Each structure stands twice: as C-alpha cells, then as structure tokens.
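Structures incoming, each one as structure tokens.
Look at the two complexes coming up: chain A is in both, with chain B in one and chain C in the other.
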Partner chain A sequence: MIRIEIDGNAVEVAEGSTVLEAARKLGIDIPTLCHHAGLTPYGACRLCVVEVEQRGRKRIESSCTRPVEPDMVVRTDTDDLREYRRTTAELLVAQCPDSKPIRELAERLGVQNVRFEGRGMECILCGLCTRACQQKIGTPAISFIHRGVDRKVATPFEIQSDVCIGCGACARVCPTGCIAIEDMGNKRVLRVFNTELELQACSECGAYFAPQRMIDRLKTETEVTEGLLTRCPACRRQAIGAVLRQAMR
Partner chain B sequence: MLLRPLERSSNEGPELKRVYLVPNRCLGCEECIEACKREHDWVACNYIEWVNRIYPVQMVCNHCAEAPCELICPAGAIHRTETGAVVVEDDKCIGCTLCNIVCPFGIPKFSEEDRHAIKCDQCAERVAAGKEPACVEACPMKALTFAEVEDYEAERRERTARRILEVGTCLRRFVAKKES
Partner chain C sequence: MSRLAGVTDLDARRKQALEAHEAAATVIAVCDGPGCNAAGSAKVAAALRRAVADAGLEGSVQIKTTGCHGFCQCAPVVVAYGDGLFFRGATPDQAPAIVEAAVNGQPIPESVLYRHPATNEPIALERDIPFYAHQERRLLKHASHIDPLQVADYLAVDGYAALARALTEMTPEAVLEEVKQSALRGRGGAGFPTGMKWELCRRAEGDQKYVICNADEGDPGAFMDRALLEGNPHSVIEGMAIGGYAIGASRGIMYIRAEYPLAVRNAALAIEVAREMGLLGEDILGTGFSFDLDIVTGAGAFVCGEETALIASIEGFAGEPRPRPPFPAQRGLFGKPTNINNVETWANIPLIIRHGAAWFSEIGYERSRGTKIFSLVGEVQNTGLVEVPVGMTLNEIVFEVGGGPKPGRTIKAVQTGGPSGGCIPASLFDVRVDYESLAQVGSIMGSGGLIVMDDRTCIVDVARYYLRFLKSESCGKCTPCREGVPRMLEVLDRIASGEGSDADIDLLGQLGRTVKGASLCGLGQTAANPVLSSIRHFRHEFDAHIHEKRCPAAVCTALITFHIDAEKCTGCTACARACPQQCITGERKQPHVIDPERCIKCGACLDACRFDAVVKE
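Moving on, here comes the complex of A and B:
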C-alpha cells in the first residue's frame, strides 16, 4: 500500500494505482474525458490534470496516467489548474462545437465563450473507442488513420468492416456521443464506420436481438451451447421459467 | 474473446444464499419488481415470466458458479463479491452487451441511458447490512426466500410432506363419507 496526500487528506492505495483512482477513493471529483475505468489509461485529453509536489518540486501532470508514489502531495483544485482545464475545455469545444456532452462539460468547468477557431468535428480523438475495440473486444475493426488535422477514427480504408462484431462498445464508451448505432429491421448500422451488420433472429420468437457476427464469434470461441445463443434473452427466461414451474409442481 | 480462465475458481468462498421461489405462492403482483426498482435507481433486475400465460414465475440471477457473464466480460467489469453474488462494476463496463448474450437465464439488461449493464446484485448493500434482498422483503405472499440451497430444500421437503399429509386426510374423509 502507498500513502499519499490529496487536497490535505491522506489516502492509502495499492501500489500501481493512479492518482486519479486515489482521488476517487477519497470522493474527490476530477474531470476526465479520455479515461474509462475498464480501459488502460491513455492521457490524451489533459482535463484530469493535477498538481503533484514531490521533493519540493511542483509539476502539473495528468492524474489518469500518473502512478502514485510514496510521499506525494497532490492538489486537484488550484487556480492554475482551473485555468488550465478551462483552456483545454475551450479547445475541445472548438474541436467539436456540436457535441452536447462536451459543451456541458465545458460549461461545468467555467468556459463562457470560445476563443479558438473550430474544426467542426464530433470526435475528440480520445481513443476510447479504439481501445475498447482493439484491447477488449480483440477486433482490429477501428483505428486512427491519417495524421495532423486529418487524423480520425475509421475502419481500414473507411469501408465496410469485415471484423466488427457490432457489439456497440465503441459507441457506449465515446464521451461525445458521435458514434451512433441504429437497428433497422434485420440490420445494425454503424454509419460513422460505413458498416452494416445482419442481426440474428431469435429461433423461438423471431425478434432480432444481436448481431449475427457476435453470435458466430461466441459460437466458435466459447463453449456456450449453440442452441442457447440463437435464442433471445426473453425466450431464454420463458424456457427457464417453464422448467422452474415444472420442477415446483 | 475466449472465455477467460478465472484466476481463482469463482465458486469458492462461503456457501451462497440465493433468492428462491416458494412453489404455488407467487400471484404475479410485481411487488418484487417495484421493490427492486426502488433499490436500484429505478431499473429492476428481476422478472416475472408467465408460463403458459397463467403461471407466474419470478426470476432472478442464479449467481452461477463459474458464471458465464463473469467469464465473458472483456472489461473485467463483473466479479463475485465476498458474499458470493456476481455483480457488475458500472464504471468498468464498456457496454459490449456480451453478458446479455451469454447468460443462459437471460438476466442482464443493458441500459442505453446509463451506458452499462444492469443485473441482480442480490442487493449487495442490504445483505451486507444484514437485511434480506428487497424483492424477498417486499413479497406480500412470502413467495420468495433468501436461503442456502440445503435450507430451501429442507423447507420444501417439509412443505411437500405436509401437503401429502393434508391430501391424505382429505382422502380419508372422502373415502369415509363414501363408505358410510
């Protein structure tokens, strides 16, 4: 265990924890954007900056990537930090002026007007979607392409992905909400990635409940019974309910 | 995405108490569902299934040993608590819905609004505080019990025995009437 001080409060966390995790343990709210507790830290947005004092030296560092060290003194809410975060948030709003979550976040951090020329994108290049897809789902469906101002997240060659399983993790970890998933009839559409997937119809009731490719991968890579996978959750409950009823008679 | 081998066997630890349904008591009034909603920010984790459209069966998570949902979760967002319940850590969930697709019982839900999976946590907070799960406490018919499997089985056997006895008494009376 390592003991550090944050905003005057002492806290003990396991070695290898980040300053952000230690602060959250204390209930201290540090704004974050590119951080997700289920994904590896990335340090892209710089909203989570804190002041770290060690051996008499003060530095501003991003708390989501900074591991704790003994005798660290951390401040999360100084005038400098507030200013730093406000400027960062302003840049973010300039980058994606149409994103509601980003505007709300900026407002919360005290941004009144935006001094920078915008890019009019929706993605802030935080890399949460690519991290979720590549590291957790284990598909190379999406990644960063191009450099500089053209940098963006897309499928290879920006055409229909043949490996995306349509799970939707990318959309749900995206902080700006710019990845939309639409289910239309027997199709799931990820418009930003030019990708369309067939949905699986339930073998019992015929409802479309999950992308076929997701089911196919589960069939080949896990030991879940095949008959079960093609049944929708509601029909599984019905089947188990009937068994329970039978057993209780 | 292979089912991850768990570092420790997931069914070790204390004998798990579960929510069991007492036969022939549930009326399908959904008080358990309302109680679960109150306990969990207005999303219920339990279900009433109508078998053959007339028999209500209350369903909660089985808190499986070697739980498929725990094994599949790629974000490591599902784990077993000290009391044996299989729970989702909301902030770790990346929203892949895989738990929803592998659960043999069709239990986990996915909330698009909260952006994380929701499943029965066996009212972890209540149980830690020595109370029964909300659904068990709320049921006006006492159709749910929170017990270890042996206790539940023993209670059930006793109840069945009592029923047979009752039937026996009825029969005797019936037969006696006929003979007289």
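Moving on, here comes the complex of A and C:
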C-alpha cells in the first residue's frame, strides 16, 4: 500500500493505482472525459489535471495516468487548475458546440460563454472508442487518422471496414453519443465509419438480430452451442427455457 | 576495411592515416554541406581537381570535400590547410587561381577574397575572420578536416581514441562518473544533466537496454544536428558506443528525420565502416563489449522529437506522446529501459572521455558548461553555424560573431529555442545564453536555433508564423494543444488584420496559460512561449496593431498601403508592368498612381521601382 496526501487528506491505495483512483477513494470529484476504468489510461482530454508535488517540485499531470508514489502531495482544486479545466472545457464546447454532455460539463466547470466560433464536430477525440475496439474487442477496426485539428476517428482509408464486427462497443463508451448504430432491414449501418454489416436472421423466427461477423466471431471464441448463437435473444430464451423444463421434469 | 583486433590495431591504423595526411603537401578543403552544395560546391570541387591535374600537382595537392564548415553566408567555402587561406563564394572558373594561391602563395583573387563587412578590410586567413575568431570550436574544430566518408580522417584527429580508452582503461561506472563530473547537459534544449539521465537508465532493471540518438531536429532555422551528422558521423557513433558501455546497452538507434537524406546516408555509411572495422558489433576492439547501431528514419513530424513520441514512432506506431512517468529510462523502447540524447550531446561524449571532465567544464557559465552550437540565421551579417562557450552573451553572439545588423537596419530581437522558445528584445541582449538565464527572460535555450530579427520584422507576424507551424505539427492527442493553439492563432490573425482588441491580449494570455500548463507533452507545454514572450517584451507592437491599426514594421498586409511618391516617380512604367493586378496607371514619363481598391499589396511594384518612389507604410 502507498500513502499519499490529496487536498490535505491522507489516503492509502495499492501500488500501481492512479492518483485519480486515490482521489475517488476519498470522494474527491475530478472531471474526466477520456477515462474509463476498463480501458488503459490515455491522458488526452486534460480535464483531470492535478498538481503533483514531489521533493519540492510541482508539476501539472493528468491524474488518470499518474501512478501514485510514496510521499506525493496532490492538489486537485487550485486556481490554476480551475482555469485550465475551464479553458479546456470552453475549447471542447467550441469544438463540439452541439454536444449536450459537453455543454453540461463545461457549465459545471464554470464556462459561461464560449468566445470561439464552433468547429461543428461531434467527436471530442477522447479515444475511448478506439481503445474499446482494440483492447476489449481485439479488432482494430478504427483508429485516429491525420493530426492536429484534422484528427479524427475512422476506419483505414475511411472505407467499409474489413474487420468491424458491428458489436457497438465504440458507441457504448462514447461520451458524446456521436457514433450512431442503425439496424435497417438486414443491414447494420455505422454511418460515421462508412461501414455496413449483414445481420443474421434468427433461425427460429427469422428476425434480424445481430451482425453475421459478430456471430462468426463468437462461434470461434466461445463454447456456446451454435444452435443458440443463431437464435435471436427472444428465441434463445425460449430454447433455453425448453431445455431447462425438460431437465427439471 | 579489415577488422581491428584491439587497440594496437587502432593505433596502427591511426598512424597510417596521419602519415597519409602528412604526405600531401597541400590540402584544399571544399565545404560540401547543403548550403555550399546548393551554391555549387560540387562543381567547384571538380574544377579544383581539374586545375590540380592541369598543373601536374596530383602528387602534392589533395582536394577534399567535407561537411559544413559553418560560414554559410560565404558559400561555397573553400579553405587551404596550413595557414588556412579562406576563399569565399568560390566558382569553378576561379579554381586555377585558388590552387595557385594555395600552393604558391599567390594573392587571393578579389572575387573570392573575404572582406570585413564593416571596414571592407581584406582578410586572408580563416582564423582572422571575426565570425570564426570569436568562436570556441570544439565539436566543429575539425569541420574542414574531415571527409565524412573517410574514416581515416576521423582517426587522424584522434577519432575512436575515447572509445578505446573507455573500453580498456575505464569501468562503465568510471565513464558514467566522468560524464557526471563534466556537468554536460542535454543539448536538445531541456538541459537535463546527461550523467544523471544515464545513471537512471543504468540503474533501471532490464535484460535489454537501448540508447537512442535523437536526430529529429525540427525547429525552423536550426541545422546544428544535421551538420554534425553529415560532417562527422563517426563522432556521434563513438559517443553512442561509449554511452552504451556506460549504461549497459548493447543496442543503439539513430532516429534521423527523413528530410535529412545526406545525414541518413553519411551516418549509414559510417555505421557500416565502423562495423567492418569492429568498432561496432560483437567484441569491440577485443574487449568483450558488444554494441551495434541501426538507423530509423522519421516520418516527418516535429512532435517525434519528443522522447515518448519518438519511441512510439520507432516501434511502428503513430508518433504521439504519452504521459510520463514511466520515463523512457524506466520503460522506453519496446518496454525496455532507454536513454535518449540529442546528436550534439552524443558528439560531446568522446571529447569528455578523451580530454577529461575538467577540460570540458573549464568553460561555460554557472550550471551550464562546455560549448553549444547555434545556427545563427535571419537578419544578421554572418549567418551560419557558430560554436561558442555556453553563457556567452547574446550581444557577443549577434554582434561579434554575427557581425551585427545588415546595412542600414537595426536589430530588434532574437528568437531562441524556435517554436518552443521566445523572442528576446535587443534591450536584453546582455543576457547570457545558458539554460537558466534564458528561462529568466521568458525563453529557452532550445536546441540551438538563433533567429535574428530587425526593424523590418513584425513581432505579431513572427508569433503567427510559429503558431501556424505548431498548429500543423500538433499531433492532436490532447485538447489544450490541438484546440488551443489554433484558437490562439485565430486571435493573432484578428490582431494582424487590425480587428483586435485589448480583450484579445487577455484571451491570448488565458489560452497561453492553459496550453502551457495543461498540455500533455513538451510540444504543447512550450507552444505558447513565442506568443507569451512577444506580448511580454513587445506589447507596444501589439498595441500599435490594436489601437492605431498600424503595423510598425510594415509587414501585416491588412494594415499597410502602397502608394507612389509623385515627386520621385519618373514615369518609367516599371511598376505598372510588374503589377499582377494591373492596378497601376499613368502616362509614360508622368507620375503613376496605385489604385488602393485593387492593390493586393504583393510588393512587386516596390521591388520593380529603381527610384524609391513606391512607398509602403
């Protein structure tokens, strides 16, 4: 265990923990956007910056990436930090003016008016979707392309993905909700990634329920009986129910 | 090139190289750095070889092509060994006369004779030229003696003697101690003590360690590292091998930007030769120490000079930085402990081991010791590479080495540290150029770019230039740099177009503080420096743009007008013919008039007028 001080309070956390985790243990609220407990820390949105003092030296660091070290003194709410967060949030609103979650966050951080013309983006480039896709699904279907203000998330060459399984993990973790997934007939459409996937028809009722590629993937990676994988959730429940009733009889 | 089995072989080879040099009675060195090459040095060298052959002097006169000598202003530069006769702006047709002067002591032909820019007094010898006389050349001492493709030239100036000494007479700890004692600090710009950096990596646990040479020099106007790698690649290789020995690394990588093809070629050829000679590879000089080097070329991103982005780039990922810790010394290339130093830092190592820490640190100022190479460019008489003791004042560098302003101009500022640094006004030129003193005036030492600006340079325009550069070089990973830098540029554009307000200065300050304080990596954390320092030192120029709608240096196009002085205009029509807008009218031999509505302020009329009748204000 490592003992550190945050805003005057001592806290003990396991070695390898981050300052953000330690602060949350103390109930201190540090805003984050690009952080997700299930994904590797990224340190890009810079909203979670804190002041770390060690051996008399003060540095501004992102708390989500900073591992705790003994005798660390952390401040999470100085005037400077408030200004950094407020200005960063204002820049994010200017980047994505129509994003409600971003506007609400900015308001909470003290942004009263935005002094810049909007860039009209919907994505804040937090990288949660790319990390979820790579680290959790294991299919690097999307990544960042270009740099600076031209940076965006896309499939290679911005064309139909060869590897996307249409699982929707990207949409699930997106803090601004800018990745829309639409099922239309026998197609799943991820418009932002120029990708369309065939949906599997349920072997029982014929309803389209999940992307073909995702089912194929589950067939190779799980031990679920194939008969169950090709059924839609409702028919699957019925089938399992029937098996269970049989067994209890 | 046969393999050297041990130090005895190395010494024998060195003796051979020295004897071969002594055999040539006269050596004429032609600088073939990119500046001189662009000015035709290859043709000059060929003409000199022909002239030598025509005069039947092949046995006694040798023509050598070398890396950059530094005095780019005088390109192509030719120097004859011995006294060091200096020929400026050499041309192929002057080749026979240059050979005559070098061999028979004939006077230097006027067209290639150097004259003092202020006094017009002729100066024949390289060492008497003020540009050279005020320098302290250690790393560049042999710039005109080494053909980068001839390892014998490096051996002849004690090359690889330091590696031999380190491997046979010193323990790795002793080498490390020597570097620590020297007080050498990172020449890439941040000035972290090199010995301490090495020690962190040496102490880190790991079966494999790496040393990396950061040759991703990207500051606009800076070319020190390029010149070192192009001109004396073996000195960098030797430094890295010594570093590998001290740190416990068996592999090294030179990360060279792809825009430096000559540096890549010369370094690659030098590595190959060093490997053939057994100065790289297994069991170097029979000592049991093994170390090998590879080159990785960068893909053209300024941010790859940042250590963690550089590592990502070598690993094959996009060149984007990650937060530290872990530091590269703990977890670097492929997750292994890694030590990264800049080209110039590595090149200093052989000198420190050969001459000792005391020799190295005898010059310098307070905590900054040794010499530093700067590329002195911009509005100054003598442009080129200069090597001076760290801690020399800006005044000395700009006025003594640099020769001061161009005729009729006044110097107003110097930008140090490129896009990460700041501009320093002439009133503060007493500042010493060392890590701490420059930080006090709001700039940084940086990797060594010194851009001199005179009264025709607009500070607002320069700040815009750097922000445009940083906007296009930001990787876009973190919010403050990606979003903040372009917003700062928008505000500056507004000021430059005469639509700024006092609130804009406050806004720049606020954005600048956040970009500086909250960005992820060094690029972002320093990106606001050029703007913040120019507001600090040149507020009056910002105010002139904002309140008077005037650009004092007459640069910002929205705030200037062109008109023709009727008194001076002779009606020669030169301006009207040059105008791409055809907006200048007037009868032949009558004063002409510019239509301000249609004028695009390109300045073509100003350049075309021979009577100073076109006025820009």
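Please note the rule applied: the second predicted complex is superposed on the first by the 240 of 249 C-alpha atoms of A that agree within 3 Å, B and C clash if a C-alpha of one lies under 4 Å from a C-alpha of the other, contacts with A are read in each partner's own complex, and residues count from 1 in each chain.
Methods note: a residue touches a chain if its C-beta (ideal position, glycine included) is under 8 Å from a C-beta of that chain, and two chains touch if they have at least 3 such contacts.
Being a predicted model, the structure only gives us computed values, none of them experimental.
In the three-chain model built by superposing on chain A, chain B fits alongside chain C with no clash.
Of the two partner chains, chain C is the only one touched by A:T87; chain B is not.
Of the two partner chains, chain B is the only one that A:R249 touches; chain C does not reach it. In the superposed model, A:V173 makes contact with chain B only, not with chain C. When the two complexes are overlaid on their common chain A, residue A:R115 makes contact with chain C while staying clear of chain B. Judged by the touch definition given at the top, the superposed model places A:T222 against chain B, while chain C stays out of reach. Residue contacts after overlaying the shared chain place A:R75 against neither chain B nor chain C. When the shared chain is aligned, chain C comes close enough to touch A:R46, but chain B does not.
When both complexes are overlaid on chain A, the residue A:R236 reaches chain B alone and has no touch with chain C. Contacts of A:A37 after superposition: chain B is touched, whereas chain C is not reached. Of all C-alpha pairs spanning chain B and chain C in the superposed arrangement, the closest lie 21 Å apart. Across the interface of their complex, chain B is touched by residues 36-39, 132, 136-138, 167-169, 171-173, 210, 214-215, 217-218, 221-225, 228-229, 232-238, 240-242, 244-245, 248-249 of chain A. Considering their complex, residues 41, 43-47, 49, 60-62, 65-67, 80, 83-85, 87-88, 91-92, 94-95, 115-117, 124-125, 127, 144, 146-151 of chain A touch chain C. Of all the residues in chain C, the ones that touch chain A in their complex are 301, 318, 322-323, 325, 471-480, 482-484, 486-487, 490, 507, 510-511, 513-514, 517-520. Residue ranges of chain B in contact with chain A, taken from their complex: 1-3, 21, 23-24, 47, 49-52, 55, 57, 59, 68, 72, 74-77, 89, 91-98, 100-108, 112, 115-116.
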